[in-house]
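Okay, here's the structure, questions in a sec.
Order as written gives the chain letters A, B and C; numbering starts at 1 within each chain.
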Amino acid sequence: MTPPGQVRHLLSLDDLEPAQFHALLDSAEQFLKTGRPLVGPLQGRIVASIFFEPSTRTRVSFEIAARRLGADLVNLDVMCSSRKKGEADRDTLSTLAAMGASIFILRTGVAGLPAELAGHLAPDCGLISAGEAEFAHPTQGLLDMLTIRQHKPDTDKLRVAIVGDIAHSRVARSAVRGLRLMGISDIRLIGPESFLPDDGEMPGTFQGNDLASGIDGADVVMALRIQRERMKLAEMPESADYFQRFGLTEKKLAALAPDAIVMHPGPINRGIELDDEVADGPRSVIREQVRNGVAVRMAVLTTVANSLAESDRAGRA
Amino acid sequence: MTPPGQVRHLLSLDDLEPAQFHALLDSAEQFLKTGRPLVGPLQGRIVASIFFEPSTRTRVSFEIAARRLGADLVNLDVMCSSRKKGEADRDTLSTLAAMGASIFILRTGVAGLPAELAGHLAPDCGLISAGEAEFAHPTQGLLDMLTIRQHKPDTDKLRVAIVGDIAHSRVARSAVRGLRLMGISDIRLIGPESFLPDDGEMPGTFQGNDLASGIDGADVVMALRIQRERMKLAEMPESADYFQRFGLTEKKLAALAPDAIVMHPGPINRGIELDDEVADGPRSVIREQVRNGVAVRMAVLTTVANSLAESDRAGRA
Amino acid sequence: MTPPGQVRHLLSLDDLEPAQFHALLDSAEQFLKTGRPLVGPLQGRIVASIFFEPSTRTRVSFEIAARRLGADLVNLDVMCSSRKKGEADRDTLSTLAAMGASIFILRTGVAGLPAELAGHLAPDCGLISAGEAEFAHPTQGLLDMLTIRQHKPDTDKLRVAIVGDIAHSRVARSAVRGLRLMGISDIRLIGPESFLPDDGEMPGTFQGNDLASGIDGADVVMALRIQRERMKLAEMPESADYFQRFGLTEKKLAALAPDAIVMHPGPINRGIELDDEVADGPRSVIREQVRNGVAVRMAVLTTVANSLAESDRAGRA
């Protein structure tokens, strides 16, 4: 078993032991308190950011985190450049490694690609998933859990509702894993039938199509983004109809527990997943999620860098 | 009234008091003399550059200015990434602010967007326009005025001709405002009828269609760029015809005052707005304008950063 | 004659005296040993990277080299931004120079453009070609020669085979020049008839269509990339047919000298120019080429920067 703090690749929250998971959240809390460290723990390291899918917020969040730690960041806009030449992904990573890059941040729509690429990396390189198809978004999961822990430190009795397109959502999958790592058992997945996960995929969760009963008494409501780019046409709901049934409004949220919080991974489709009053209202912790995202990514990058340094030492010993 | 040096948002030269305007030009002069400051006044600050319209020179000029001041720069290529997801502009800015960005550089084709977005920013954030539709380009105005002041310190008796597409030009609008701030009253706007501003928009200026009489005795001639991307088809002049009537040549410029200077905001359409002999000739100060652009942007960024720090202190007191 | 180490523009290996060529390789070796210098010799310099053709590896390699030397790097994605406005290339460079950039890294498909642009630069600016049409890729040539020198220090008796599309390859042209600078005379160019250079272009080389005899006893085999983007349709070989005749496999490579090395400029088309067994096998030095690329570019950037500083001093004296 890897000791806490030793994480060479972060592909999914499934890879983390509870001790490692909590060590990462603690480390992120530290960064929130202290800001940018005086001596960058990634000074001299080259971090390569490779996004096969478009992204603004996750890419920039990792970029700011890497820079605050003193890393040199290389940005590969893969949709534009190397694909035009048909360069194979494995060769792209090994080329960047030969140039000196040692940490790779990867977003891809291809399930299994992060694990495949991580498997081919040399021992002095690590890979961090920034989103893998519908399946994993571990740093999003960590920042969501950090946000919940900050507001609800007594996590074991929490009731959490996830609302929206669970079936297509890597955010939901990483959240469910994170909630379990925090010892939360009352998890409700709410959405139209075609948006609920396949039978048996998420055992022990409550699943249903009725928002009112689903969020009744909940301490945390996570609204998911409608991912039109991942849906087949037949599955796609009418926006107005979706908002009517599942969009969050102050009126519908009256059934929540007092001091309940409302989360959304962003970017928000205002008037579809939630209205302005909820997005900008007192229960919304959406901006805190973004702020926590930078801290969580600083924690993950530092942990990966430390694990690489550790394995360098072990290799030389 | 804001004290000189206190500028949180710079959306248009109309926002500046004369004292603030001159303080910015003086600060830019300082940067031209001293180059990069020893300790970056923007050290640790995150500057986010958001361009909804394509640009090379303005984007790079701001980028160099921000880096020379020690800032971390985040570049948002908005045409590529976030728009694909339909992320609303307000949410983009508040997301970047939550990640730690405190100064936003924005270029947009949408009139009013900079003011709207600035109005929604938290008090510890500032916004600098890098061009707003046809209406404002304040840092261009500042660099143009700095260039004029360097060559013609005795500004009040100057005769200035602006030649070209005034109607569609944010450069012209910011220049006219800047000329007035410098106490210049002899302003001539010269162009084809469809390129002149609407009646009453720029009172007190001379407007006409004849280049020869318009530039007669002028100390400064600013040629504007033909902005094909902002014109309707019917308004678009034939290049050869335009050059014949309004293109600047050494022969036509014989009517200028001795030591007159020729300006252009770039990028130049050689053979349309002016010919090579003029562009690269002794009267041309086009490269000085570019050099001044970096210094002016350093001055604006420093002033905005100081204003934010000031308001932080005021908020804590 | 320029003294060794004085190189203001690097447009082609043809521009280099043997002493300069070897000084650059020695400098690259130094960087491989010492890594990032403690005080960046390019600290405060602005390096502008301008790619008119898509590239991942060369662009990133230069970017890493420039950053390791302490430079501020400005990236111009020219295909996206400035071309939309029709900005002329000369004006782009002089604009960037006016903003403070002093070293330009240029890739272009237009033959002669680097020399033309270098000819118009002010004396305090240098230009480095990152690939010019089919004609020159000097830093690739340097990294290839460094790799050969590392493995085969006794260069004068070496037998080198270049396999593939020599006619369309700037890599091959720079390699042939580099091989001659290293005193290597046994150079074999192997490929289909339409891929061989024009009569008289590369005198003194052996040219042929038969791989087996061409690589017989060779110490070094350089496979070239099939450059589909540079070929006319009629010239384009069927991939399977090409692999059959010219693709490198372990079996075909049995005819090489013992300890022979296999090179490829990347990105590899696996299964066309060579198969996986060769690409990842013991003779392959492909990753070393990539690693050497960063060191060679650090050496070139340092030499150009020193030459500019030198000419600044000479200009002032």
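Miscellaneous remarks
Rule of thumb we're sticking to: contacts are C-beta pairs under 8 Å (C-beta built on N, C-alpha and C of every residue); 3 or more make two chains touch, one makes a residue touch a chain.
Just so it is clear, the structure is predicted and the values come from calculations on it, not from any experiment.
Path length between chain A and chain C in the chain contact graph, taken as the least number of steps between touching chains: 1. When chain B is fitted to chain C on its Cα atoms, the angle of the rotation, on a 0 to 180 scale and to the nearest 5, is 120 degrees. Residue numbering shows that chain A and chain B use the same positions for less than half of their mutual interface.
Distance from the chain A centre to the chain B centre is 40 Å, each centre being the mean of its Cα atoms.
In chain B, the residues touching two or more other chains are 80.
Of all residues in chain A, those touching chain B in their complex are 36, 54-57, 59-61, 63-64, 67-68, 77, 80, 229, 266-270, 287-288, 290-291, 293-294. On the side of chain B, the complex with chain A involves touching residues 44, 46, 48, 72, 74, 76, 78, 80-82, 84-88, 91-92, 94-100.
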